[in-house]
Each structure stands twice: as structure tokens, then as C-alpha cells.
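Order of writing sets the chain letters: A, B, C and D. Residues in each chain are counted from 1.
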Amino acid sequence: MMDKQQMQEFIAKRVAQELQDGTLVNLGIGLPTLVANFVPEGRDVTFQSENGFIGVGPAPTEDQVDPCIANAGAMPVTILPGGSFFDSAMSFGIIRGGHVDVTVLGALQVAENGDIANYMIPGKMVPGMGGAMDLLSGAKKVIVAMEHTAKGNPKLLRECTLPLTAIKAVDLIVTEMGVIEVTHEGFVLIEQNPEFTLDEIKSATGAPLVISAALKQMA
Amino acid sequence: MSKLISLEDAVDLVRDGDTIMVGGFLAVGTPERLIDALIAKGVKNLTLICNDTGFIDRGVGKMVVAKMFKKIMASHVGTNRETGRQMLEGETEIVLIPQGTLIEQIRAGGFGLGGVLTKTGLGTEVEKGKQIIEVDGERYLLEKPLRANVALLFAEKADEKGNLTFHGATRNFNTYMGAAADIAIVEVQKVVKVGEMCADEVVVPGVFIDHIVDGGAL
Amino acid sequence: MMDKQQMQEFIAKRVAQELQDGTLVNLGIGLPTLVANFVPEGRDVTFQSENGFIGVGPAPTEDQVDPCIANAGAMPVTILPGGSFFDSAMSFGIIRGGHVDVTVLGALQVAENGDIANYMIPGKMVPGMGGAMDLLSGAKKVIVAMEHTAKGNPKLLRECTLPLTAIKAVDLIVTEMGVIEVTHEGFVLIEQNPEFTLDEIKSATGAPLVISAALKQMA
Amino acid sequence: MSKLISLEDAVDLVRDGDTIMVGGFLAVGTPERLIDALIAKGVKNLTLICNDTGFIDRGVGKMVVAKMFKKIMASHVGTNRETGRQMLEGETEIVLIPQGTLIEQIRAGGFGLGGVLTKTGLGTEVEKGKQIIEVDGERYLLEKPLRANVALLFAEKADEKGNLTFHGATRNFNTYMGAAADIAIVEVQKVVKVGEMCADEVVVPGVFIDHIVDGGAL
């Protein structure tokens, strides 16, 4: 069994393989942020930070820290050559206008029609949607990177029970159990982590799971 | 005529009950000196329009801790536990707005547009109570323009006419809030004389800026 | 009698007196452009050019000509210290958002309710409204600078007969005959060019003309 | 990977019947070399979205003279007598749009907004056939987003990723048209290597630009 960190890295690594050459990608906070560490060698992938720049680079060394350069999670970062700074209107013009190729976000729940809930639990402190609603409605491809279940409860459902962040938005889900496409026929498992049996994956999923005829092993 | 004023004169322009817009994103690009001076002055019952509520010890978060707001309109408040407490205990009204919608509402308020038509928030809680406009068979939420009495902004450099330049990720909401406020005050790290800024390099034209406070280096 | 050029300069000079210290002003093409030459000494008036800058300066000398710096009429100009360049979205944000204090435009007709027609004559070549409609609906104060009549026909009317450029937009009209405010009571003559009698001005005006109790001499 | 391509490859991206957006304001900030190459290639039945139609011998006006447009959407066409002739004789459809509305429609098309709500044009011919939206008792015209197949832009400088900077009054429509077109081609006076442009100085991020043509000095 993987521990939590291994599981997150396993998911992030698989998501990274989805990022094609020449794409602009926006990574959510938490697990999705890890994806940047696993972009396959030689692939030209550029990251946007919705607070106002394209070309997010690695964390700065101590003497590189610039208080004016932080990511959307307020972590100090650097900007790579070829990057650019802009304001929030431009940043969300890029997002809303469909100029971001892929966004990777976490989720509390995903429904088989692509609905996603990832920003509030009624009765609990609501932190706010930040840029998530815009990213979900604007990005060309939405990948959810998350653990398959929460405390044993399925997060892939027929319908979300939590308030939605966006409707019909999710294209692909990557979990520690497998890779699931969201299609007109609902959830389709296209890759399976061999550590889990199909029955285990099905029972951890709260909606019908079509097994792709071309099912591959997840790696 | 130079728009440079003192920190004291600047905060005197903010009155109890005002709606204020404050630039910054998680306290990056926030006018910290203006915020500290407002806290020292002790203005009350403000409505805040800002991307977020920063941290308890940085950015507008310090004003949340000083209980200066009756209402906050922001895209997220999760980094400031005091905002959460005030929200849960009903002390402060919190209106959560998608980030990309919030900035467009501010731009619309400053640029004389009647509203923003966006798909963001369709089918969610954000949609509630709002008009849906259909354009060529596509549905959009109508989000209204936002304006404020005073905008408190941050920039790297200003000339004495208020033309502004920025460094790094500090532009965020600072570029349009001045247009959307009756009075726009900018705290800058450096003030230069008229003619010392290249006209091609200006990011925000001085027409949107009423007053400049020289905040010195960060 | 003034010749055409004298008349235009007389009008432009009077309009210039309306421009207060610290204001941002947009001048239309033609007669309004002349206003810049008559701004009273010591008054800090800044001019916007809607094609993308604030701080319009005088025409360049031959060796100052920069093909990238022209006004909205494509004439080479200069930019003054403290000016800034921007794009059309910003330029019309400034205009539509009410950040231009005064616009000075010519007109074919002005109605007593402030309606203005200044961009098309049906059956003739229509050049287009350019930025005029935005300026008329956005500027804080609209001054029309024009000759009082066209070929003897009144241009100040009860109602415009030509297609409108904007409704209820005009605040003040300056002609060679006088200065006319557009009020809820209609046209009010507040200044009279002593070269013309009140009867002459009234008969050149196609709508009732209230004579202000505080009527002054135009100069 | 550099986005630099040849003038020939650039104009091959424009097909008969396309809708094209062209930057420039009375030929200031217009990609003259791209226009000349398009004329040489002889593309037909285009729809043009541009602020104006320039002059018969400068800017898009040369394409008007070459009769390449079936439809023109612009804010004014008075500086080009050939446009006037084609309009009066019914050869070309001319749609006149207020300048400030036109640029916002293009921005809306590029930024995923459902339209523009403006008071400009209310009570005029421009209002005809359009939806009126009431927001808090105020009436606004709904103007729809505009998009194009190809945008032809001009900038002073590009790096190989397509980040752009501008000089003087050449920005006009060049800053947003790239976002609103499926393919955006920019003609620049100078191309620099990645890393030779400061991230603070970029006016248009390269994400909106697909191809760069090095046009050399004006």
C-alpha cells in the first residue's frame, strides 16, 4: 500500500503525462501543484498562475526570493524566461476565453455528467471559490486529481450532493485507483492501477463504471 | 500639480460606512502602509471589495482583525481564520464571488459598462437571484458592475501625475480599481517627476489616480 | 463680418475658456481641434486622443515625426511629459466610464433636449460614428462647437431631423452668435456676440430661445 | 519552440471566405507587410473587422481597393473613398459600429464573455434590432462578442514566444484581437530571443499569439 504522499505523487505523475507539448496549464492548490514536478523531460509545458503570470518556475533559492512574485497560493515562486506578468482581468480573460489548455483541480465530488463540487461543505467554513469556477468553465480540458474516496466514501457519484462549483465541466479524473474519462455514457475506466482489482474500484465508485475495452495498466 | 499627499491626509479620505476597494492578492500588491494608517485611524462599518482577506497579520486581513468591515465581497477568505469566525458568528456579511467575475465587475464599474455576461457560476449557488441572459442560444449570468467610494492601491512606481508601473504579480486588482472608485489612492515604492516615466511603459494612466502616497521600498 | 477662419477661431477661443484647470479633454476633428490652441495661459488642461493616449502635444517638427504617434485624425502629433499610451479598450474605458471631463464636438443638428445628430445624412456617404457615440454618452460635459446655421438653415432645432448620434447628450453650444446652454427649459442664451442682435440670433435658431437674465457679452 | 514564420507561410493561413481582424487605427499600427502579401496572394470574399478602412494606399485600405472584402465591420470608413464607393454601389456590406463598442465586442469574443452592455448607441440607428437589457433601472444595449478566423496584428517587438511590446499609439486594437481569433499572426519590427524581454514589460502575453513575422523596421 502507498502512504498518502506516495499516493499523491503517483496521481500527480500520471496527470503530468496528460500535458501535451506546447500547452498552457493551470494547477490548483494542493495535490495538483505537485504535477509540475513530473512533467516528462523535453515537453514544453507552461504554467499559468491566475494571480497574474505565465511561466511559473520552481521555488526560489533564499537569495532569489522576490516579495512581488508568489503563486496563487501565496508561495514564493520564480518566473521562467519567456514568461509575462499581467493583471487579473487579463488572467481571467485567458482562463474564461479558453486559452488555458488544461486545468488540474482537486474535488470533493464529481458526478457522472461532469458536475463537480469542490469549494463548499454546507455548515462548514466556506473559504470561497477563488478562481475555480472560472477555470472549470473556461479551460479547454479539466482534469480532476484526487483520491478515489474520502474516508471510505465514494467521491465519484451519480449526482453531487454538495453545492456545485460547475456543471458538466470535468473531462478526466485521475485517482490512485485509475484513470476515468467522463463521457456521455458516464464514467469510463481507461486505466487501472494493478494494485486494485476492478471490483475494488467499482465498489469505491458511487456510480456505474464502464470498463473500457482498451483498458490499460496505469503507471 | 503633483498628486502626492501624506499618509495622514490619504486615510482622512476614508469615512465610516464607505465602500472601499483594496488591491492585492493574498497580500501581494497590497498597500500595507495605507492599511496600517487606516487601522490606526479606526474607521468603522466599511464594506470591503478585495480578491481575498489576506492573512491575520498581512494585507486587508489586519483590518478584518480590527473589525472594520460590516460586509466583505471577495473570491476567497480561507487564508484568514478571523474572517471565517466573523462569517460563522454572523458578525460580518461575506459575499463570495468568482475571481474572474469580480475583476470584470470592477472593470465594468470603472469603464461604464452595464454588467458582465459570464458562464462562470451557471448552475451553482452563484446563480441564485441573478438574471440569466441568452445570447445566440447560450446562457450567461448577468453580474452587475461594482463601484466604491475609495480605492486603495499599490504600485511599484508613480510619476506625479499618477501614471503607474508594476513589478511582478502585484498588478492583480490594482489596475482597474482606481477607475471604479470616486477617489483612488495609490501607495507606491517610488515617486518620480513628470517626464521621468516613458509613456510606453505606463500600465495605469494617471487619469484614474487622485492621490499618491510615497510608501518607500517594501 | 468674420470670414470662415476667423469665425472658427472665435468659436474655438470661447470654448477654450470653458476648460477648467486639471481637466481631461477630448477634442473632435475639425473646428474642435483648434480649441487646443487657445487654452488660457497657466491652465493645466490635458488632451486625450481616443486612438490611444493622453497628453497630446503640438505637431512635431520635421525631425520629431514618429510614425507611431498620430492623433485620431491621423495627423502627426507629439506626446507631452506625463502622458501615457494605451489601447482602445482602455481609451474607451476612460471615455465610457466618465473619466473624460469635457468633449468638444461638431454637429449637424442639436435639439432643445440635448439630442445631437452629427454623423450621417441619409442618402449621402456615411463615414461612420468613430468614437463620437461613446464620447457623447460617456464624457461628463459635452460642448458642441459649430457655426450657428448651415447655408442659412438653423442647426439648433426643436427636434433633430437627421439620424441621432446620441440622445440628451449636449450640455453647451458655442457658435459664432453666442453661447447656449441646453437646459430642462430648452435652449438658454447665456452669452451674445454683440455683432449679432437678439432678433438675428432668434431667427437663426429653429427652436424657442430663452434669453438668460444674466446675459453676458461673448468675447 | 519559436513562433517565427515566413511572410509566405503566414498569408497561407488566410483562406477565401475567412473573417479577419486587422489591428491599426488609420493605418497607425497596421501590419503593412502582411497586407501587401495578402494582396499579392489574392484572397477573396473576406469579412473584415477593423477600426476603420485606412486610406486607399495605406493599411487595410489597400485591400479594399483590391476588392477582397464582401463585408466590413468598422467604426468609420470616411478616409477611404473606395470603401464609400463600394458601400454606395452595394458591392460591399458595411456595418458601422461605435469604436468603444467594437473593441469591447472583440475583447468579449476573446475573453469568453457573452456580450457587452453599453449605453453607447441607445436611441440611435445602432440600437435597431438589438436586445435592450435593464440593470438596476438603467437601460443598456446588448452588443454581441466578435470572433475571427485570423487576426493580423502589428507590434514593435516580440520574443520568440510571441510576448509583445508596443510603441506609441500603435496598440489600439492590436492588444485584444489575438485573443479573439483562432489564429493570430503578428508582424513585428524586431524579434528577440526568449529571455530578452522583461516579464514586467510585456503588454500582450504570447499565449494569444500563434505566429510571428519579422517585418523589420518601419
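In the analysis below, a contact is a pair of C-beta atoms (placed from the backbone, for glycine too) under 8 Å apart; a residue touches a chain by one contact, two chains touch by 3 or more.
Note that the structure is predicted; figures quoted are calculated from it, not measured.
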item	value
Intersection of contact partners for subunit A and subunit D	B
Longest centre-to-centre distance from subunit A, chain (CA-based)	C
Contact-richer chain pair (by C-beta pairs counted) among B-C and C-D	C-D
Between subunit D and subunit B, distance of the C-alpha-averaged centres to the nearest whole Å	32
Inter-chain centre distance, subunit B versus subunit C - centres from mean C-alpha coordinates, in Å	35
Centre-to-centre distance between subunit C and subunit A (centres being mean Cα positions), rounded to whole Å	56
Centre-to-centre distance between subunit D and subunit C (centres being mean Cα positions), rounded to whole Å	29
Residues within subunit D bordering two or more other chains	104, 107, 112-113, 118-119, 166-168, 199-200
Subunit A: positions in contact with at least two other chains	53, 79, 85-86, 92, 95-96, 137-138
All chain pairs that touch each other	A-B, A-D, B-C, B-D, C-D
Subunit D - residues contacting subunit C, complex	25-29, 51-52, 74-79, 84, 87-88, 94, 96, 98-101, 103-104, 107, 118-126, 156, 166-176, 218
Complex contact set, residues of subunit A against subunit D	22, 24, 44, 46, 48, 53-55, 79, 81-86, 90, 92-99, 137-138
Subunit B to subunit C touching residues, read off their complex	1, 107, 110-113, 159-161, 163, 179, 194-195, 199-200, 202, 205-208
Residues of subunit D touching subunit B in the complex	104, 108, 112-119, 133, 135-136, 138, 140, 142, 144-145, 165-168, 199-201
Subunit C to subunit D touching residues, read off their complex	49-53, 66-70, 72-74, 79, 85-89, 91-92, 95-96, 115, 120, 125-134, 137-138, 163-167
